[in-house]
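In the two complexes that follow, chain A is the common piece, with chain B as its partner first and chain C second.
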Partner chain A sequence: MICQLIGATKVYPMGDLTVVALRGIDVGVESGEFTAFAGPSGSGKSTALNLIGCLDRPTEGRVMVDGRDVATLTDGALGELRAKRIGFIFQSFNLIPVLTAAENVDLALRLAGVTENRAARVEKSLVDVGLKDLLHRRPAQLSGGQQQRVAIARALVKNPAIIIADEPTANLDSSNGEAILDLMREMNERDGVTFLFSTHDPMVMGRARRVVRLKDGAIVGEERRA
Partner chain B sequence: MIFLIGLAARNLARNLRRTVITSVAVVAGVAIMVLGWGLVDGLDDNVLRAARTTYASEVILRPDGYPDDGMRYPLDEAALIPDSLRSELDKTGAWTARTVFPGRIVRGSESQHISVWAYDSATETQVFDRDGWKVTGAWPAPGKTEIALGSGLARLMELKVGDEVVIEGRTRDGAINALGYTVAGIVRVDNSSIDALGVWMEAATAQDLAQLNGVRTHIAVAPKGSVAAAKTELSGMGWTALTVSEECDDLIAMNRIRRKSIGTVVVMIMLIAATGIANTVIMATFERIREIGTLLALGMPRADVRALFLLEGGIMGLAAGILGAAIGGSAVLYWQRHGIDLSQQVDEVGANIAMSTMVYTHFSWLPLLLSLTFGVAIAVGASLWPATQASRIVPADAVKAD
Partner chain C sequence: MSLLLSLAMRNLGRNRRRTVLTALTVTLGTALLTLALSMLNGILGATLEKAAGMAGHVRVVDVDYARREQLMPLAENLPDVAAVLAAVQGQPHVLAAYPHIAMGVTGAREDQEIGERFALLHGAPEAYYRDVLHLDQFLASGAMPTADDEALVGRAFAEEIEAKVGDSLIVFGQTQDGSPAPARLKIAALVDLGSTTQNRQIWVAMSKAQWMADLDGGATEVLIQTDDFERAVDVAAGLRDLPALATYDVHAWDERSPYDQIGGLMTAIQSIAASIIVFITGLGVLNTMFMSVLERTAEIGVMRAFGLRRWQTVLLFFFEAFVIAALGGAVGIALGATGATIFGRVGIHLGEGASKMPATIPINETIYPHLTPDILVTGFMLGLAMAVVGGFLPALRASRIQPIDAMRQHR
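Take a look at the complex of A and B:
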């Protein structure tokens, strides 16, 4: 088990009120999975991914990464854990605008503390996502699909235990979205990269080998496919 | 760190327009500080130079009780030089004595209040470098009824070399004399108070006009040894000795006030600059919340995120500071070499200040380094709060911000 939520609850304060985004859910991700969190808007998909990705802490319950309870970790240690073990792909790509494609990918390696062989690894991962000719373009000079490929390369380059992708195709047209999913799936099948993503999109859900359904902050079902 | 500096520089370059606009106040503040400092230092030099080269040399003696404001020259207060002082003066170094007394210059129906500078040409040149003065025509020849006019006075009275004038003087017993003289020369010693109202004549020539009988109002000394020692040795013989810097104390104190007001202006400009920089860094953090979230998500330590924004402010301050120091410094260097010539203005308004009409700014590294440090400190200080706020963002919220 790479990551696990145990009785995870997330409550957001909203002025005097509170919003319960997750109600004590239990879910885990094994190495090599290609899993989607599905559910209507507001069901808690993003919240769950944020907890698993250690971008936020639960109000109650536990988050385990590599068998360790992350509640015991300081913000700094949590950052290091993210840098080394967790890759992220965001809905809006989130590349650093002043850095080129290669520099964006290199940044992930640098923050993961990798000092050796960086240039070669950066180039390889950008070639793997089909961008071998666009290494030195800035994000503004790339299409949305290309930017998301850079983001995948950035997540991939450090060989993380898991790549978390919150609606990775939501800002792409359907053919680009499909291509991105194909790329992720290919990496999962060929190299055993673990992916955990969320989506509304039935097409995307169709590609997942395991779908966890959420509603109102609770898990309401789960399917596995071959 | 080098990576962060590069990133910060690129972010600044990306918003070049805003960066430049924000930096203008820092550039101006630093440039004004450097230039103002150089100018006031230059004025200090100027005041000292004017005193040293035109009337005080290194040590100036006046009879005890004689006014030292440089405005009044009462002949009543003039005194003989006692033999004891005379021999002490000879031991100390080169010296010359002058008698300055009030009078009027008359030409036709026009007349003008003047100060007569009666000198002893034999010793005068041992103390003062007359070659440094600008003389049109010639110095009065000994034994002739000739005078030299201050350049400002000549212009005011529209007098030329060779003109005949009448000088009125008053003896120590109050008798009024009026004698005719020929203008032999027009002299600019480059001390406005002398050039504006001074009339030069040999002490022997002045004898007929004012019955000086050997009384003197000023002794200028160029000591062989230390100035302080000379001052001590020449004191207590009926005459009061001042070193040239003591002589200029009042004017230099005025310059200190000038320096303070420049400082106030600079601080005000820098406060404006600080608000601008703080504002720009706050804007940058708001615009880039998603980017900050991403950096944190990728595992960048919070301290580095904070450092990134501090660097953006700091680099802005440094670049603007360097530019400001370069502008201010070059201006100071230029005017140090070429001087600012105020003679036209001074002659026109007839200003009567004991300073040279050529102001040479004074270049030194101290104000450059200080203002640069000040600029960077202000910029970093102004970025502190926004940078700290930026580093405290929760990455989960920030990665989705738009």
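Take a look at the complex of A and C:
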């Protein structure tokens, strides 16, 4: 098991009220999975991903990554864990606008503390996502689909244990969205990269090998396919 | 570290207009600072050099005279000036030494009644008037005296008694034992030193003052000019060790009241002026830096998610602020230096206020900024200080951005 939520609850204070985003869910992700969190808006998909991605801490319950309880880690140690073991893909791509595609990918390596062989690794991952001719373009000079490919390369380059993607296709048209999903699936099948993503798009769900359904902060169903 | 630096450099090019505006704020601040410090330095340097000259870089007086010098006690004098002069002449760094007598007098035009018109009367060798006070350069009318009974009269005093060049003047001083000592003087020239207080003085021949004070061969002070008024303390220390001067009070100008206070005072004024400018400019930098931070919340969040540390976030914005300040500051001190040089030639008119300063602090009504390399360095460093002042809070704010903010952005 790479990551696991055990009785994870997340409560957000909202003025005098509180919003319960997750109600004690249990879910785990094994190495090599290609899993989607699905559910209507507000069901807690992002909240769950944020916990597994160590971007946030649960109000109650435990988050395990690499067999370690995240609650025992300092912010610094958590940052290091994230830098080395977890890759992120965001809905709005979130590339650094002043850096080229290659530099964006390289940034992830540098922040992960990788010193060796960086240039070759950067190039390989950009070639893998089909951008070998666009290495030196800045984000503004790339289409949305191309930007999300750079983001995938950026997440892949450090060989993380898991890549977390919150609605990776939500800002793309359907053909670009499908291409991105196909690319992710290809990486998963070819190199065994573990993906965990969220969506409410049936097309995306259709490509997942495991779908965990959330509603009102609770798990209401699960499907596995070949 | 190099990663942060290169990121910072790239970020500067991002919103060029804002970067330029921020840099211009610093440019303005440092230019102002360079000019202000040069001006203060101009006032300080010129004033102190003049004050030091008038006061004597080093002064030899009777010990009791030093104790009560506000009263200018003629009785506590140096009876044998020649011996003192002989002792100091030829000593290291000593350029010249002059006997001097100062006494308060009342005076009037010969054909008028003596009233409540006061002046400070000086007796000293003509060389002192020319080489130290440069009175020959400040003549409003007339010419330097040629005879013992001729006097140079300050313009303000002359106007008060309605006298002009060529008129005769009666002054009442006193002898060293306190008896009244009248003298009749012919006005050889009127002197305009630039301030009313300074223009209420009379300069007569040494022999005339000695005669008035009944101090034949004596003086109240011996004023010594050195080759560097800023090192007078060392010279004074050397002279103090001479056996011939052992019983006298020998001190440098800046060891004596009121000049011993001026250095600290001027430093305080400069610090206050500099702090105000740094603070205001810092606010300008703060404003634009804050905008950058807020705009880049998602991006910082992403980098934090990828492992950027809080302190690295702080550094990132500090580097940006520093580069802006360094560029803006370099241009600023160049502008300020240009301004200071130009005004250094033509001068800046201060107005009548300067005239009301006491005669012991001779401030001119027109000041000439004086630029030194020190000021350029200080200006540049304070430009960087503006970056610290303006960059601190935004950088701190940036360091509060959490990795999760990368996720929240698209809500």
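Observations
Just so it is clear, the second predicted complex is superposed on the first by the 226 of 226 C-alpha atoms of A that agree within 3 Å, B and C clash if a C-alpha of one lies under 4 Å from a C-alpha of the other, contacts with A are read in each partner's own complex, and residues count from 1 in each chain.
The working rule: a residue touches a chain if its C-beta (ideal position, glycine included) is under 8 Å from a C-beta of that chain, and two chains touch if they have at least 3 such contacts.
Predicted model only: the values in this text are computed from it and were never measured.
Under the clash rule set out above, the superposition-derived model of chain A with chain B and chain C contains a clash between the two partners.
Of the two partner chains, both chain B and chain C are touched by A:82. In the superposition on chain A, contact of A:107 is made with both chain B and chain C. When the two complexes are overlaid on their common chain A, residue A:55 makes contact with chain B and with chain C alike.
In the superposed pair of complexes, A:193 makes contact with neither chain B nor chain C.
Shared-chain residue A:96: touches chain B and chain C both.
Two complexes overlaid on chain A leave one chain B stretch from 127-135, 145-153, 235-243 or 343-351 clashing with chain C, and it is 235-243. Taken together, the two structures place residues 46, 50, 53, 55-56, 76, 79-80, 82-84, 88, 90-92, 94, 96-99, 107-108, 110-112 of chain A in contact with chain B in one case and with chain C in the other. Those residues of chain A that touch chain B in the shared complex are 46, 50, 53, 55-56, 75-76, 79-84, 88, 90-92, 94-99, 107-108, 110-112, 154. Only residues 46, 49-50, 53, 55-56, 76, 79-80, 82-84, 88, 90-92, 94, 96-99, 107-108, 110-113, 166, 171 of chain A touch chain C when the two sit together in their complex. Listing the residues of chain C that touch chain A in their complex gives 3, 7, 10-11, 13-14, 298-299, 302-309, 402-404, 406-407, 409-410.
Contact residues of chain B toward chain A in the complex are 3, 7, 10-11, 13-14, 290-291, 293-302, 394-397, 399-400, 402.
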